[in-house]
């Protein structure tokens, strides 16, 4: 370190949140004794305007080059203080925060003596770590103002059109021969009885007409390299191969209804699926007088443990259409639980019951038995088994992930869950993003969704994607790993352990990590046998310093 | 570990010396392992009330005197013993360069192999001096057959696994499959082969690479 | 009649097998051998069977010659390098031993000294080759011998290998062994005559005598143990049930052996009976089978 | 031994257990004051050497608290950490230090109460084990 370390420690009262338990004065006095500490100050609310401007002022006046704030959680307040450091003219990463509120005063309220000792320890560890902080800069790269949307079902097309509407070019890939996805086969869409083919037909027409949307059918993604703002995609459409650059990627590959092979005597003729029923309703080719629908076929069982969410509504919708299509038709719905959330769906459910659709509950351990022309079921209301007439048996099967989702997940290096549905970065905080930045998801590819939900998600994903596309460049903080070539032994360990497959060997036999792609987890740093990977954001020196400071050098920890 | 701790028992200043070559690549004696071993030794000795000083260093290639010399010279007088995390060749390089220092091996060099996956290594070469891979479909019977058989399988394999361990595939059955793929099964019907076990030369000389004047050949 | 003469005569040959024990006691084993002396053409002496340290096969083979039994001296490559093997072979000949069975040997991990260092410098094939060289009056290095042996070399083959690759490898190796000089083969224990017949078809025309191996099934437990642990031996379930159901297990075992001997009469050139301590039952088996 | 208050280092992942500790705080769940958190971006960043150093430098116990199984923000960092914890346990056994002093725990950002429970549990475990054999001089 060329210049002398001058650490400033700011201890926050947080009103009485901290000061009510901890003796701030003692902490300040203690901090002052720690190595490299040039200055200690207490504030009532460090994060308030007064507090931050005070830090800026003191840093400048006292020539501090490292800042430690002992206050609340960095998860909410770190950005404020980093900005404050920047304002004061030092690198925002010359800042270390220590949490003496959530991790101390709030959780050890009744144990003030120990809490005080712990707060001292935490401050000591933070100061020790601060001595090893390194400046971290940002870097930027150009954004390719183009998106790729994979899947041209209702979600993919809605998303692609929305991105195009923002003025960006979109590559829209569909693996089937025709665009439209599942909606091509459906009849009417609940709850407002929109004709599926009309809805999807309009979208297909719009996509085909829009110059900014380049549609490719019979398409397959072959390879994706690069990173947010600058993905290089190789894909094929029919026999042709293409390579293009896009800034963002949206996964909208949808799902497929499970084909109930070997379940309930499924034969596709007299025992059919809901989608097959819709096809018949669409053609008007139906005359069954008595229909039995069975719910949760192949769903909510040990090997497929999830509820597909939409099948109950599909059954309710189709039971009403049956009633309309065939006069005096009898419809029975055999269910385990009914999933009809939301005002309109609940209303439809009531309507079906009013119109005479009979709902009978069954249990997984005593399922209905499909026989020729009849279905036997234990009727809990009657307390005995009944035999229902069934000209037609309709099985409600779940939406399952499309068969190629796992392959695509490998190409894109994004995760899928145990049922092979794509997994978002966070269910609540980032429901439309993948952990890999610049890749988004919507529709059935994530989890079974209604048309309405798929549309919401598609518009949301389009909005997330457009945020990136609307900037000329993208800036990233360098909290990433970097190989020190002279130490690298060329062992390929980092290449093998990186969950994002970012490191690669260069022509000199040394590993290289593309900073734009690095996600900053530090896994390779901890694995590299030559300790040749530097990670400024959480370096070995910083962590070791914190470990070394766990225990005060001279203090005797005797409690007697 | 216990063996190492016994080895260094008498010493109070230990230089743990890693190697940036093979032992780094196979995660046995690079900077990371040096740090781990040094820490463990310190912890053990602290526990026993006989604290010890450790120095940590990594040579680029410990089997190369030019790489070892400067580091050890720089650290001279700061340690009583070198605990080498290189292979036997590295340990002996240190021992030979500095005959008055104690050089101890921290590793038991097991084999020459390759990384199957991160964390899994297989033995593939015994440096036997008489390579037969050309007629065994690229599968080494010397290392991969428990008995190093040269003339085909023994009768001990069951379900394709070696009699020695169920985790170990019968090398000769693998050779059979490989040769079958290559359409070279006739290699298995050769004259009886007696493996040539050459005396390990202990030294290999390539005159063309050596310094000095060429000897005239008339 | 010596084993060599018996094989050349074209008669259906019978050999048996004894395993020296751990220690120096040989009297007991010699008594066992005496029981079958008149009924068999030769008796194998195993070489540290299953890698368990025991009295050596050369010494016991020599004792057998003393009581007028033609021994088959088994030699494995596990414990000796090529110097020791050649020297032992010369010693054996000097002690009057005329038949050698060349084996690779089990790995030491199978035995009671699992950490012993295995040698395996030679294997069964190269050992046969060496025997051939010694017979011709030179050693491996080509040096001439003063006085040379005239061993009858034999080898083993496992007809019950459990997959195609393993069986192909066995048969190819058998051919190599014949090339290397093997004059007769004793097979691993056979229980499935159909499979054995198929095996014999595949080796039809091979220039060597084949003696089908028969291991006496002493109990259900032993059968199951072999199925689980002995490579290439498979006792079919019906045979296990037969013993299980039998009141007199020994009798059932003898009946099975008799059927196997009878079946083999038309398939191969003789039988090699591994009685594992039930040597006294061999005469009864041979009587019943009409030998 | 009632006076023995162990010092326990916790390597906490920024995305889950650190957040869980924050939540424990804002929910005012009280737990023993023996733990000291060292924040890391992902528990996959924690190497065996870090754990060893924490023990060497005075910790009586160390645990790594990562995301719930299958939910690591960085896909697999928590499993890597788990493996390294197992490796450290094996190393500790070699030098006769109780492997129970080192542990791996999994929790989500929403599990403030679990964070507190784990802190209490580890404190109990280490109290039971007594001071680290490296720290006898301290007490």
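In this document, chain identifiers A, B, C and D correspond to the written order of the chains, with residue numbering beginning at 1 in each.
By definition in this document, a residue touches a chain if its C-beta (ideal position, glycine included) is under 8 Å from a C-beta of that chain, and two chains touch if they have at least 3 such contacts.
Since the structure is predicted, the reported quantities are computational estimates derived from the model, not experimental observations.
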{"item": "Interchain centroid distance [CA atoms averaged], chain B/chain D, Å", "value": "36"}
{"item": "Geometric centre distance via CA averages, chain C-chain B, whole Å", "value": "40"}
{"item": "Separation of chain A from chain C, taking each centre as the mean of its C-alpha atoms, in whole Å", "value": "68"}
{"item": "CA centroid of chain A to CA centroid of chain D, Å", "value": "27"}
{"item": "Multi-partner residues of chain D (each touching 2 or more other chains)", "value": "47, 49, 53, 56"}
{"item": "Residues of chain B whose C-beta touches two or more other chains", "value": "32, 35"}
{"item": "Residues of chain A touching at least two other chains", "value": "497"}
{"item": "Chain-level touch network, classified as line, ring, star, complete or other", "value": "other"}
{"item": "Chain-to-chain touches, reported pairwise for every pair that qualifies", "value": "A-B, A-D, B-C, B-D"}
{"item": "Contact footprint of chain D on chain A as seen in their complex", "value": "73-75, 99, 101-104, 106-111, 114-115, 117-118, 121-122, 125, 415, 417-418, 425, 435, 479, 497, 499-500, 519-523, 525-527, 535, 537-538, 540, 543-544, 546-551, 556-560"}
{"item": "Residue ranges of chain B touching chain D (in the complex, touch as defined)", "value": "1-2, 5, 32, 35-36, 39-40, 42-44, 46-47"}
{"item": "Interfacial residue positions of chain C with respect to chain B in the complex", "value": "78, 82, 104-107, 109-110, 118, 120-126, 128-129, 140, 156-158, 161-163, 165-166, 168-170, 172-173, 175-176, 179-180, 188, 231-232"}
{"item": "Residue numbers on chain D that touch chain A, as the complex places them", "value": "3, 5, 7, 9, 14, 18-19, 21-26, 28-31, 33-34, 36-42, 44-47, 49-50, 53-54, 56-59, 70, 73-77, 80, 84, 116, 138-139"}
{"item": "Chain C-touching residues of chain B, taken from the complex the two chains share", "value": "146-160, 163-165, 170, 172-173, 176-177, 185, 188-195, 197"}
